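Each of the two complexes below includes subunit A, the first together with subunit B, the second together with subunit C.
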Partner chain A sequence: MSGFDDIAPALREPLAGYLLALADDEFVLGFSDSEWTGIAPMLEEDVAMSSLAQDELGHAAALYALLGESIGRDPDAIAYDRPAEDFRHARLLDHPRGDWAATIARRWLYDTADGVRVEALVGSSWQPLADLAALIAREERYHRLHVGTWIERLAADDGEARRRLDTAWERLGPDAATVLAPLPGEEALVAAGVVPVASAELERGWRASIAPTLSRCRLPAPPPVREPGSARQRHSTEFRDLHAEFTSVRRLDPAAAW
Partner chain B sequence: MTKAMTKAMTKAMTKAMTNDESAPPRLEPWEVFRREKDGEPMRHGGSVMAPDAELAVHYARELYGRRQESDRLWIVRRADIVELADPDLLQPPLDRSFKKPGGYVMRDKLAEARERAGTTKPRGGSR
Partner chain C sequence: MSEVARPPLSEADVRAVLAAIPDPEMPVIGLVDLGVVRSVAVSGDSIRVELIPTFLGCPALELMVAAVRDRLRSIEPDATIEVAVSHAEPWTSERISPAGREVLRRSGIGPPLPMAVPIRLDQPAPCPYCGSGRTVLDNAFGPTPCRQIRYCTACRQPFEQVKAL
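And now, the complex of A and B:
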């Protein structure tokens, strides 16, 4: 890998933005889910959810490293030294945390959308991205399997679990498609094959792929995104709190070696 | 996570398996066997609690395979294991030394047999 040398200058900024959005998604989801460590509903699920969270942080680390190498910046600085408003994760990941059904709903909506996106990126004309996407795709398969198992169980309940799932769905559903909202400069990346499939087409593929589960679980299809232009901006108070939390150790001593 | 919530989750997880509204939430133990690499035997790794085979597989994967320490897992419902733990059958009280190879002195007999057959002792085989 040699940075953006083989990327046309006009494509570098959009590609950097695209990588940042991918990395921020994985980082924010991974950190949010890691908050269940020690307090998940049962021991086995505690290990499972923590392991999924670690996987996402691993994907984020690899994506920040690829971006950092490309633009000549320390990956840790990209992850930890930006103000909250500079994060580019999807609005789906900005909601209040702490409810297990909402955690499952968030993860299922994210993982199904991300899966479609990552599998498309395996065909990227930029080899470093295609290679990384292929590795990530293999791990994401298990994530979808596990979280899919959970959402079916919550949906099949007729008591508190189902009520909480419905409540979460009402809140999260309208923001689900933010994961696949078009990114700035995307057309040029698609034209060059760096991003093989446009967001609008990914979203159609995602909607088709989740339809059978939604129907089985009696869950409504997520509506179209409101204000797609700010799908990855103007983050919530909850995210600002989360940001304060995940940057706190770094802020103690940015130069510390780990 | 409140206790009520945990209970509801367990109930939801169980329903698919039992299909019975009155059945109490049921998590059951599954035994996990793991193999470190091709050619090694399957060894008992431990157990997980799960409501059904699907989640038992997921949890076995997380507890005994997430660090790439296994290349194969067997996940067995503990209730399906046929157990033998009868001391009369497994630890009988009388002398059984004649059932163990250590109960015989083989060395001289082997040497004589080899001599008769005209073969030499295999290298490295000292027993």
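And now, the complex of A and C:
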């Protein structure tokens, strides 16, 4: 790998921003869901959710490493030394993990959207990104299978689980499509094939792919994104709390070895 | 007395060294049988090894890189040794060798089933303890990213199995 050497100078900044958004999505979701370790509703889910979270943190680490190599920065510094407002994850991930129904609803919304995005990136004209996307895509199949089973299970209930799912859906639905909101400079990346499919087209594909499940689960389709320009900015108080948590060790001892 | 120059390690020698390095999390299997060695290149006094990660979040990868580097350095202290991690080719569970599958089975870890897309969780899998095919998937996730948990209804033994990837 040779950093951004083979990327036209005008594309470097948009590409760095794109990688950062991908990495931050996986990192924030992985960290947020790791909060279930030890307290999930059942032992199997404790293991499963911890494993899902570990996968996402692994994807984030690989994406931060690719970005770090490209812009000449230490991946750990990218992950841990930025103030909360510099994070570029989608607003969907700004919500706290909430209860189990909210965690499943968010994961399902995220994993289905991210799946469409990552499968497309396998066709990137930039080989390091195409290679990494191929590895991530293979693992994400297990995630979608797992949360797909769960959302149907919660939706099929006619009591508390369904009520909690509906409550979570009302809160999360409006932010679901932020995962696929267009990123700054995306047109140039699409024109160069570095990003093979534009966000608007990904969003159409995502909506079509989730329609059958939504109809089976009697869940409304997520509305269009409000304020797409700030889909990855102006983070919530809850995210600031999470950020304070995941940077705490680093702040305590920046030279700590893992 | 003139010192007899020892011939440098061949690529086959390096592979043999790597084959004897155990996987950090399933130490019954070596790195070559696990299929994580992508390439070995020896030229002059430099040795280059490429490893591929099983799952991206697998914390054992760094241990593998360090183990390979340390082992080669102990054998060839003067050589230039480079151990790289490559993403150019995905690891798949199909890369586990027949010998690797057998050693996993003998230690109570079910070898992976053939990879299917979309993923099929209902494929029959024999119990590594009693051989019965009456096993059920208990959890598609397990103690490490690459393993899942099954239960044998014949000998009533839970066991781990390497995930199909």
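Following the convention adopted for this analysis, the second predicted complex is superposed on the first by the 258 of 258 C-alpha atoms of A that agree within 3 Å, B and C clash if a C-alpha of one lies under 4 Å from a C-alpha of the other, contacts with A are read in each partner's own complex, and residues count from 1 in each chain.
FYI, contacts are C-beta pairs under 8 Å (C-beta built on N, C-alpha and C of every residue); 3 or more make two chains touch, one makes a residue touch a chain.
Keep in mind it's a predicted model, so treat the numbers as computed, not measured.
Overlaying the two complexes via subunit A brings subunit B and subunit C into a clash.
In the superposition on chain A, contact of A:Glu44 is made with both subunit B and subunit C. When the two structures are aligned on the shared chain, A:Arg226 is found in touch with neither subunit B nor subunit C. By the touch criterion defined above, A:Arg234 lies against neither subunit B nor subunit C after alignment on the C-alpha atoms of chain A. By the document's definition of touching, neither partner reaches A:Arg216: not subunit B, not subunit C. In the overlay built on the shared chain, the residue A:Ile136 is in contact with subunit C alone; subunit B does not reach it.
When the two structures are aligned on the shared chain, A:Ala62 is found in touch with subunit C, with no touch to subunit B. Of the two partner chains placed by superposition, only subunit B is touched by A:Ala161; subunit C is not.
In the superposed model, A:Glu152 makes contact with subunit B only, not with subunit C.
In the superposition on chain A, A:Trp100 makes contact with subunit B only, while subunit C stays out of contact range. Mapped onto the common chain A, subunit C and subunit B collide along 151-159, the only clashing stretch among 7-15, 61-69, 79-87 or 151-159.
In the superposition on the C-alpha atoms of chain A, the part of subunit A touched by subunit B in one complex and by subunit C in the other spans residues 44, 47-48, 51, 142, 145-146.
Those residues of subunit A that touch subunit C in the shared complex are 44, 47-48, 50-52, 54-59, 61-62, 127-128, 131-132, 134-136, 138-139, 141-142, 145-146. Residues of subunit B touching subunit A in their complex: 1, 4-6, 8-13, 15-16, 27, 48-50, 54-55, 58-59, 61-63, 66.
Residues of subunit C touching subunit A in their complex: 53, 55-58, 87-88, 90, 92, 117-119, 121, 138-143, 145, 149, 163, 165. Partner subunit B is touched in their complex by these residues of subunit A: 39-45, 47-48, 51, 100, 142, 145-146, 149, 152-154, 156-157, 159-162, 164.
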